[in-house]
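Note that the chains are named A, B, C and D in the order they appear, and that numbering of residues resets to 1 at the start of each chain.
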């Protein structure tokens, strides 16, 4: 009973807080640009509107076009269940859940891109190709990050992996994970969510033909994914496990807020990279993680 | 005893050199024939006491090697109305030199190999080896089928010469069988030569190269 | 008595065949003689007679280990021969049939010969009697083939005569009374004069090696096998070569007894591997599937030589291989003959799609090729495996490795050519002529019999044969 | 009913199948299926009871006493064999009928049974000689199955390449078993870890079995063979035949001692095969060739597991070795199942459209709903995504690697790279199968052949359903299969017997179950919501372009372009481009295809060199008898030298 309640509360928290992050980011960008910008809760309004809107489907699409977003959304939510919250731990935790976490996100990507390809649009094909290609490098980086945590903690379960401080090389790991975060969530400099030129988009172009509730699912899933990465990043770097629950929650919220601001600043200060430069950046992120790993390895040896 | 024998053997070697040197088929055939006849007489010299089987062998050899086979070849030659030039692959002078070298080498080899006292003084071993090698040279260095047959003949003569070492120990039945075989061999070769002459209308073995990789 | 009959019977039949008036019924003499001969051979195999001391010929363990194979080979070939000669009714078969029977008789003599001289006489006679078989087709190519066979083979056999004389002189010089039976020579042992012994071995190996078809003395083989009728090829590859191999084994026995074992094994191994290498290289690109069989035969002669060089186990395995190779080759030569007749050509560029034009023969050919390239469960696989095993047991790792490598390349070459011929699309010209061979049971059953025999030899090697081979190996190489 | 009797029934069934293959397909179908079922039951019995079955009658084959045994490993592989065999049998009864292949179908059925029978024999033979015999026979059967369509030169070439490669493997196994018999003194197989002098033989086994398994540099035969074989044959080849190579490695690494470096080499080969296999797959446009390359990838994953298990065994700590081995073994099953499923799916696409060329397909989901959805299922599984079986086995391997790392053991560094490579492989496989599913089944038909097609009948559908169900079951309830894994591991290494469950398979299963359920619910819910809000149909967003056509869809090549670009150094793709030049470009086209690099840049040059040597040597046989006699003389001289050289004593 308690467990069920716990799970439901956490879920509610994840689901409700997720759309806040893009709002904050946009606010920061507007602030840097000296605009007033959309309200922080904008995404909530959009989701609510989309949920009520009727749907326009391409004549080409199969049921996968609707099933895909649903599956992806679920996958991301279940991934959220695996992510611990400071000392409170995760609502579902077992040996090897870290890998499950990564592969759930991969599964989500699989569903989204299939749903996109379903339309047979050249643009979406383009976007999907980019998405899955860059994901290869991102995957390598995040696996390396997990290896680092594993080496530090000697465990393969997120709850225990994330609890202790990243110790030496935390900065490297943070840098690496931040790069992965930007790439995985299609933020500048990898992708520009605000562009309106199909040829230059990755994530946005994949949802060109989605509308109504499916689009809502996609958008909400995306924001949740962003939140997950932000939390992961924070917990990988900060020793939240050592704090009391309240302090931990506070620190977590604060640092996620910081991450959001950081993203906002990056987006306003950097321009989107040319696509041929993207692998370079991702490789850099991967190398950051790798160096973090080596540092941790030495630490483990000492 | 062995003096005359060595003389005859030397003569036989001479004939093989002649065969190497001669530029016309009939003379090659003649050389082979004379050599055969000479070898035919050797058993008589080798045997101390008179033995009719030996005589038979000798006469058989002389008739076969000296008359039957040469005539066979001459017939083939006549049937093939071709020029009687030998047309060597290896020229006459080199062939001769090779032959001479063969004789020297054979002599050397013969002196290497241990011999029974009664053979020690004879030239049987070197003579046979030399003749064998001369036969080989003819086989390899001549293009006309008939001259190759002569080469084969001389080869066999050399072996026959060696066989004389064993003549009074090996049963004559074997000797006879061997002799018979050689005869038939050359006989068959003669027939084939004849057939080839009819099929290809030539005895130049350079034309016989349709079977190849 | 029976062993004499083994020799006399075919010769009597030969005489009968020569005298026989009817062209049409004469071929039937072949199977009759074959059956009687096989019955005799198997009988002798089952209860071998005692060997008379210093007899000139006799059914000794070595003869026992191989002669029944030759007999079986001849039997099956003779069955094929009846059908074959009916198809080739346009040619007179008097000489052909007679020569075949004489050949059988002489082979039986040569395999049983216990006397150096007699062995040579028989071997030479076999060479000569083969000639009319070679040019049965009477084409120009056939005559060229027999000419080369005679000249090269004759030279080789002449060398072996010289070698025999040398061996004889070695024993004479060693102080014997000049008894040339092998038992006597072996008994003389180390008394044989060494230099003469070496000379003798060199000449005899070269001479009988020529007959057997070891490289580089194998040059007559592709021509002869390529032009001869299929069944003659089978008899040459399984019978005559076996005779030569047995001759070499007998001489080896003498030389080993005189303490030349190291030398014989060294030379046999070297020539065996060289033959396998040459054969493999020729097989890789040869376009002619009958000549291919010849090269394959060269390869297998090499295998036999290698086996003979690998000690007692090796010799036993080699004798096993004599059986498997001989019988499998039989299937190949007979089916190849059928294909050759159906296609009217024997080179890759003219022959293709035989799986459709002579299905049964083509299938047999494919299976035969797989069998002869050591694909289980056929006999060759087992015999070759035993030889390799012997190689490893005697620590001849290099030999075994080279052996395997040659097998591999031989397989590449043969499979390439065979599948090109069998599966490839029939050439336009061939389709136009569409010359269809009626695959009568007469020409299909014998090769199938051969395959069955090969299969049986491999899967269920009769203990009797095993025992015979081991006995022969023990005689040849007394294990201390 | 002991395993013995069941196996006997199976054997009888398969043999009966061979004989009835030509006369009556029905009897063949029944007999073969019965045989498959019997094998399945026998293997399951063995695994359930855990007691190996051993049978040594005294009849002799080829001079060796027959000795059959069914232990954990044999049973484990037999189960896969029976499942795939049964599925393929049923599938072929509609896919390769006498009606559409009158020439090749009957013989094909016979060879098929021969293949199954001999693979089964290999799995239960405990005598080296019989192992070798059965091995070679199944290889040859496979050759005749691959070349069912002999009219096509490509099929012939593929078949010959396969046969040649297999023969190379055969030669190595020849040497392996002969040496084994010579050293051990008997052909009997069994545990002989104490004979440390046998260790070097492992290298022979590695090459011999590696060629069959399709390890990376030795895989040259695999793509063309799997692409040109009939699809049910491709399924059994890729699902089972290459696993025979794995079986050989597992079997003999378990029975014989191995060199110290063995495990490392195997793991390294695994990494190379995994990454490069999938890289090559991405470059393919031929549906079945692509799947074939994925076999190389998955063999790589299996080898990574096996390699680390060997390292663990060599260093005496079975803890993470157990996980790695379990992962490897489970992946043997999984790959067998989903790869067979995918090949059967590809077969039904081929059956419907008659082409394997992906750039001519598209939008097939309308016509082939079953095939499409089952193929998608297989794709999800092979991409190693939860909640399906592919993830479970990869997850086990991952756990093994991570434990090896956190153990800071000798293998830790290697494990780091292996884990990263595994991650890369997973992501690449995902990309590749997104491409396949998207290009073949989604979007619009790219050519008219893809428009008028029909779904396959139930005899082709049912096997795919069974395989799909198996994938799902292993994914949702992996714990059910743990006993099998444990028994097999124990058979591999007695030390691994009765090790406690090292991974929370129960939790994982539960999680997968929840995920699957939620996905389905969410799907339905969202669909209902969409219906409730109302749907209007229109064309795909074309960015305002006036005349969009299906040809404008992203093609397989362009899709994989980014990634194949990274692997140009090894893929060596051949590009032929006429790019648009002027202001009003007349003709513009771009063509790219990825050859088999190892074959074309390593093997073929070597082969042509050998051929040239052979051609040169053949000049010696030029028909001039004089030279022949000269050769004879040369031989004589050589002999003389040889005889005198080494001293005559």
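Basically, a residue touches a chain if its C-beta (ideal position, glycine included) is under 8 Å from a C-beta of that chain, and two chains touch if they have at least 3 such contacts.
Keep in mind the model is a prediction, meaning the values are calculated, not measured.
Annotation of chain B and chain D: jointly contacted by C, touch as defined at the top.
The busiest chain interface, judged by C-beta pairs in contact, is A-D. With chains reduced to the mean position of their C-alpha atoms, the one farthest from chain B is A.
Closest to the protein's overall CA centre, chain by chain, comes D. Averaging Cα coordinates per chain places chain B and chain C 31 Å apart.
Centre-to-centre spacing of chain A and chain B amounts to 100 Å, using the average Cα coordinate of each chain. Note: centroid distance chain A to chain C, computed from Cα atoms, is 78 Å. Distance between chain A and chain D, defined via averaged C-alpha coordinates, is recorded as 36 Å.
For chain A, residues touching at least two other chains: there are none.
Those residues of chain B in touch with two or more other chains are numbered 136, 139, 148, 205, 208, 210-211, 213. Within chain C, the positions touching two or more other chains are listed as 147-148, 151, 155, 222-223, 282, 286.
All chain pairs that touch, listed by label, are A-D, B-C, B-D, C-D.
In the complex of the two chains, the chain D residues touching chain A come out as 362-363, 365-366, 372, 376, 380, 383-386, 391, 395, 398-399, 402-403, 405-406, 408, 416, 419-420, 422-424, 426-428, 430-431, 434, 437-439, 442-444, 503-504, 507-508, 511, 514-515, 518-519, 522-523, 525-527, 529-530, 533-543, 550, 552-554, 558-563, 566.
For chain B in complex with chain D, the residues that touch the partner chain are 89, 136, 139-143, 148, 205-206, 208-213.
If you check the complex, the residues on chain B that touch chain C are 112-116, 128, 132, 136, 139, 145, 148, 152, 155-156, 158-159, 162-163, 165-166, 169-171, 174, 177-178, 181, 184-185, 188-189, 192-193, 195-196, 199-200, 205, 208, 210-211, 213.
Contact residues of chain A toward chain D in the complex are 51-60, 62-64, 66-67, 69-71, 73-75, 77-78, 92, 94-96, 99-100, 102-104, 106-107, 109-110, 113-114, 117-126, 128-130, 132-133, 135-136, 138-140, 142-144, 147, 150-151, 153-156, 198, 208-209, 212-214, 217, 279, 293, 300-301. On chain D, the positions that touch chain C within their shared complex are 60-63, 129, 132-133, 136-137, 140, 147, 150-151, 153, 156, 159-160, 163-164, 167-168, 171, 174-175, 178-179, 181-183, 610-611, 613-615, 617-618, 621, 623, 625, 628-629, 631-632, 634-636, 639-640, 642-644, 646-649.
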